[in-house]
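After the structure tokens below, expect a handful of questions from me.
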Amino acid sequence: MKRPITLEDLDLPTGKKARLYRLLYKYGPGNGKLLVLPIDQGLEHGPRDFFVNPDSLNPEFQLRLALEGGFSAIAFQVGLAEKYLRTFAGKVPLILKINGKTEVPPDDEAFSPCNAAVEDAVRLGADAVGYTSYIGSPRQDDDFTQFGKVRRDAERFGIPVIMWAYPRGKYIEQKGGRDSLYAVDYAARIAQELGADVVKVNFPKVDEEKRALYPKPYNELKLSAREMVEKMVASAGRTLVLISGGAKKNDEELFEEVRTCLEAGVTGFIFGRNMWQRRFGEALEVAARITKMMHEIGRPATEKVAAPVR
Amino acid sequence: MKRPITLEDLDLPTGKKARLYRLLYKYGPGNGKLLVLPIDQGLEHGPRDFFVNPDSLNPEFQLRLALEGGFSAIAFQVGLAEKYLRTFAGKVPLILKINGKTEVPPDDEAFSPCNAAVEDAVRLGADAVGYTSYIGSPRQDDDFTQFGKVRRDAERFGIPVIMWAYPRGKYIEQKGGRDSLYAVDYAARIAQELGADVVKVNFPKVDEEKRALYPKPYNELKLSAREMVEKMVASAGRTLVLISGGAKKNDEELFEEVRTCLEAGVTGFIFGRNMWQRRFGEALEVAARITKMMHEIGRPATEKVAAPVR
Amino acid sequence: MKRPITLEDLDLPTGKKARLYRLLYKYGPGNGKLLVLPIDQGLEHGPRDFFVNPDSLNPEFQLRLALEGGFSAIAFQVGLAEKYLRTFAGKVPLILKINGKTEVPPDDEAFSPCNAAVEDAVRLGADAVGYTSYIGSPRQDDDFTQFGKVRRDAERFGIPVIMWAYPRGKYIEQKGGRDSLYAVDYAARIAQELGADVVKVNFPKVDEEKRALYPKPYNELKLSAREMVEKMVASAGRTLVLISGGAKKNDEELFEEVRTCLEAGVTGFIFGRNMWQRRFGEALEVAARITKMMHEIGRPATEKVAAPVR
Amino acid sequence: MKRPITLEDLDLPTGKKARLYRLLYKYGPGNGKLLVLPIDQGLEHGPRDFFVNPDSLNPEFQLRLALEGGFSAIAFQVGLAEKYLRTFAGKVPLILKINGKTEVPPDDEAFSPCNAAVEDAVRLGADAVGYTSYIGSPRQDDDFTQFGKVRRDAERFGIPVIMWAYPRGKYIEQKGGRDSLYAVDYAARIAQELGADVVKVNFPKVDEEKRALYPKPYNELKLSAREMVEKMVASAGRTLVLISGGAKKNDEELFEEVRTCLEAGVTGFIFGRNMWQRRFGEALEVAARITKMMHEIGRPATEKVAAPVR
Amino acid sequence: MKRPITLEDLDLPTGKKARLYRLLYKYGPGNGKLLVLPIDQGLEHGPRDFFVNPDSLNPEFQLRLALEGGFSAIAFQVGLAEKYLRTFAGKVPLILKINGKTEVPPDDEAFSPCNAAVEDAVRLGADAVGYTSYIGSPRQDDDFTQFGKVRRDAERFGIPVIMWAYPRGKYIEQKGGRDSLYAVDYAARIAQELGADVVKVNFPKVDEEKRALYPKPYNELKLSAREMVEKMVASAGRTLVLISGGAKKNDEELFEEVRTCLEAGVTGFIFGRNMWQRRFGEALEVAARITKMMHEIGRPATEKVAAPVR
């Protein structure tokens, strides 16, 4: 098993390093791993995601879950951050998600416009900004230009950028779909190329019916799940990798993915619906079990300490 | 009946709170409810809306109606505010509507561009800005970006933002239309996610012919009108909810909607054509009756007073 | 008795008028008069002003007094406004005092630097800004330049400017001192010349020992107190006049000054130490008595109502 | 003993609260108290302060002391922060001191110019900015203006401001000197009036030879050390109070001052020379003893937790 | 002998490191040492400095000397850079000196205003900017504020800043003069505190007649020249130290100073008049001899090469 990449391996400027250190070592699992609770589905999908657990409609549910469940941070759009975070300020770190869209128009030409700025994240005391890039979308020109500005602002303010790197749009469908290794591996590399500090990608899937569509040589690869994630982590290089959960799964599947990812060297997870579409107590149990796995699987990222003063 | 949300429940900064307090307690019904008179139909629909009541063509008609009818505020585009408000300055609070469009192009790709800035609202002494967001429109990218700037300016100047959250565009039609619960519930949540302080939504309607188009699980919901409004109020969370009147209705229908909404916990109404498409005296009577209902229905939002000094 | 000047006599743009209307008619005495409670002495004199009434050290004392005593507004420096006002936002209007100084250096070359901007006042929802101008100070060049910027910002944002017009500095002492009619009459006119909307001046005093120092023809004037105030009100022209209280006086003197000023046509008073250097109940009584005098003395400024709509 | 003021008592916006929470509860003593290690004496006094302990010349000495001694934060000028902090980023919180001066010119007209901006603090991931205000200096006009800009930038970026409030200059000497209760009490109030979030003041001293110079009524006050500190804490109001150590003292005097201050309700201490003018091991012992006193003396500031979710 | 500090010991961002690497390893002595030829005396002293060697009046003389003499860089004011550098562009690296003054007014209140900006340096392809700070001058407020802007611009553009740190002004004279160890040691530390990447200081001198004026404990120090320079290098910390030559010296004295400084760990020299007040050939010889000493004395700073990839 390879040594997972750690904060010390990255060559971050002071501000980005300070903020990422807090997320990796002062909150959440605390051993260099990240467990993030996102709650931006109200914008991306509408309130219908909250029907299975009506308590989850109130963002205080997720804030309390993040606090009591030992999450590293919560990911909010700006409106929720401004209306709900103050009571939890400093207790639950914030990742401000600065772009987003509704599900109403189709994804053929997906683009996620910024409704908030990096400066909003600074003002709200966030430790990172989150940005969705629809990899391979026909609108990648608007996206790359927009991301370039976000990256520069983030550098100016010393705040890490987490890219939600989502292959999307009519052309990626023609090449085997959004979850193929081709797609997510490409997404991981793009995050690194464009300057994200952390990348959030989906767990790669092989769909044998679409294999013929995969560009060479992905169409011929026969890799285990763990090997696929390792490949993706390698493509991300000095960009830390988080795996997203997507729609709610059954528990066995979820924990198996977590195990695979940790063994493959990922830095952590962003699990939303797999968390807050459960009752509070059950969600706490799942969070605790994942945190335990984070401590047990893979060599924990050691926190380097400078040599002692005599 | 749930306790309606009050100003004290919101976590507003001082300036926004001061301005919203004035609208909620110093003008209009005065018990934490809002009754707003909008007159931006000249831009949105053209002068034809004034034909049934020629007096209504002169904005002084609406200003006088707002003053004598005990409205909380009038909503104007900037031109009317600059040309007509001065005589009524301080007597009739202003909500400056800063974007708008004509009805000439179709609504398939609706977008409402800003013709005024938040700073115009400050300069004119407005207590809030109004902004139309066409939820789910193919142009949501331009809209979200534009709204983000409005929100930031409003934060900088401490002025509340009221979002006219209108589902619109060809894709919302494919999902059951603009007035479905799916549509308005989503709209209410988006206002909250993007950082509006108050949201104006339409009264939800069920159209059984389009039910099959509603996204899951809305297609299976069987709710009363009041339950639908309650759901929407819950989705709006810490964003106060105003119900719009739309085209003029018969009185029974109007008052029934008012009753339902008040019982469901809304903060108030923005009624335009239902008001000024009547003769002055009749409009005063309708306003008085709604104000009376606002005082009688639902536990009035109490104004918290800090403990007395000994 | 001359008709006192009213809001309708001033030629104010909409935003300034709306804000001043609120101060004059929606809060405080409510008949076009102003009663302002200032609490910036902690900056100007230090905590020693609070010793006679230790409760007054906590700005909540003054906020509660302003609320329960029916004051038109409270005048705060920015720090107090940010830390204490939110609970009272909208209940007690704010006049943000944007400049100030300590008493430590002598007043020979008095200058009051801005520590806050007009934009801070807008952000905090203030209804006016307060600015101290040391009339006749050797540093009047810095003062006039600074005030020019404040005035322009206030015009841009539509917020009224109240000038604390205080004759001060070594040269005014050589011309008979800061409270002579020459000095305060000059101060009132300067407020008008430089564009203040309201001016706060001291009650004029004649010091026979210094009379010879008064510039001609003030050295020969024999006027009653009321005539002196009338003169000053006339010099202020379309700038509303407020009289300051200064150090705490005995009650008879205070009420006599109030009567004189009201008869002379002033718009109101800014009384700080004369209010909050008393116990709470006593201060309420004094405020009530002054409010009563404001309603009884002088023809109350009528609120012009536009002609009715038929 | 009065309940010391806590973070929850302050009415801070989200970003300032998040950052201050981290300093008060996630680092250092961790119970709502602050223990800050400043190392800006190289600028203020030159390298001669390091002669008694040559190791202290290298800022890594102080960084390691802050880390191992359990300090809440280190206070650096920008050059040291940029050159030395990266290795400790996230482990030792930063307070960026943004103004400063040399000791070469005399203090008659003391003024501390900004060599860094609030944005530098944001970029470096600081949790607060430090600013020296020379209270009562003839140059208070430049100081107040400069501070106003710093305060506004800090509000814009949601970062707390700690004011080093130092009475200074020829006129404060004429009123009894920089450490009198008059001087430090005034300083505490000014920090509150001008909008600092935290104030650093000197421990008040009574100099009987200068008592006659103290302005009334300070010249007649007979207060214990603890009563003087209590008075200052009350004057600071909702501004948290830190006590500075000044030149190195003997241990008994130091711990006695710490005890007195904690009993009087201060939030913490900024001790520089009293720490790093000792050998490393000895400094750790002193820090440990003060931390222990912080936990034992005075009711610890409880961290309010919102009600649990059912 | 202590290991001299190297580029790898500094924690520089990429752009600053790339530029400084070029100066330290690709030009000049090439072993991590710097030998800079300054020619800004035409501004600082006027043409009279060129009288002893009329050829030196033409800046091409110095450019050719820099090229043929193997200097690391030439230091120019912007006018010379724009008029003369193009022929030598890329052959002779540029340090753009962006502030300066004439010798006409006395130095009591010395201040060196910027006549060029960091952006000029970028435009001209400079590898560093030079900035004079008059340490301890009564005008240190203007200087620190100005330098803060230069530092920020240099960070933004990734270009190193070399501070000419010169103690100057009436108050430093009262403390023993500009060349005392107190003065230059303080200067070295200030460069580090304010964020310079390299500092240029004078060789320290002890003047026994002024020893009594030196602040404690400098007045009691008995150090060799080398010990004094070592102290200064230690105070500069992670700021590289260059020694200036000042007025032309005799060769023995010059080479002795060079030897002492190299043994004490300085990074290099900025010698102007000691170079170009000689005939061309002689200057080449002196430069060659100093370069030779740079290679022989002190352990050369090794250029760390990253470990080979297996």
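In order of appearance the chains are A, B, C, D and E, and numbering begins at 1 in each one.
Here is the rule we go by: a residue touches a chain if its C-beta (ideal position, glycine included) is under 8 Å from a C-beta of that chain, and two chains touch if they have at least 3 such contacts.
As the structure is a prediction and not an experimental result, all values here were calculated from the model.
**Q** Which chain has its C-alpha centre farthest away from the C-alpha centre of chain D?
**A** Result for max centroid distance from chain D is chain B.
**Q** Of the pairs given as B-C, C-D or A-D, which one copies D-E, with over half of its contacts the same by residue number?
**A** From the options B-C, C-D or A-D, the copy of D-E is C-D.
**Q** By CA centroid distance, what chain is farthest from chain A?
**A** Relative to chain A, the chain whose C-alpha centre sits farthest away is C.
**Q** Give a one-word verdict, same or different, on whether chain C and chain D use largely identical residue numbers at their interface, taking over half shared as same.
**A** At the contact between chain C and chain D, which are copies of one sequence, the residues are largely different (under half shared).
**Q** Closest chain to the protein CA centroid?
**A** D
**Q** Rounded to a multiple of 5, how large is the rotation, in degrees, that superposes the C-alpha trace of chain A on chain D?
**A** 180
**Q** For chain C versus chain E, what separation do you get between their C-alpha means, in angstrom?
**A** Taking the mean C-alpha position of each chain, the two centres sit 58 Å apart.
**Q** Can you work out the whole-Å distance between the CA centroids of chain B and chain E?
**A** About 66 Å, centre to centre.
**Q** For chain A and chain B, what's the span in angstrom between their mean Cα positions?
**A** Once rounded, the distance between the two centres reads 36 Å.
**Q** Based only on mean CA positions, could you tell me how far chain B sits from chain D in angstrom?
**A** 48
**Q** By the touch rule stated above, which residues of chain E touch at least two different other chains?
**A** Nothing qualifies.
**Q** Quick check on the complex: what are the chain B residues that touch chain C?
**A** Residue positions touching the partner: 13-22, 25-26, 55, 60-61, 64, 81-82, 85-91, 93-94, 119, 122-125, 156-158, 280, 306, 308-310.
**Q** Considering only the defined contacts, which chain C positions touch chain D in the complex?
**A** It comes out as residues 40, 42-43, 46-48, 51, 57-59, 77-80, 82-84, 86-87, 99-102, 104-106, 111, 113-117, 120, 142.
**Q** Spell out the residues on chain E that touch chain D in their complex, using ranges where they run on.
**A** Those in contact with chain D are residues 10-11, 135-138, 140-142, 144-145, 147-148, 151-152, 167, 169, 171-172, 175, 182, 185-186, 188-196, 215-218, 231, 234-235, 237-239.
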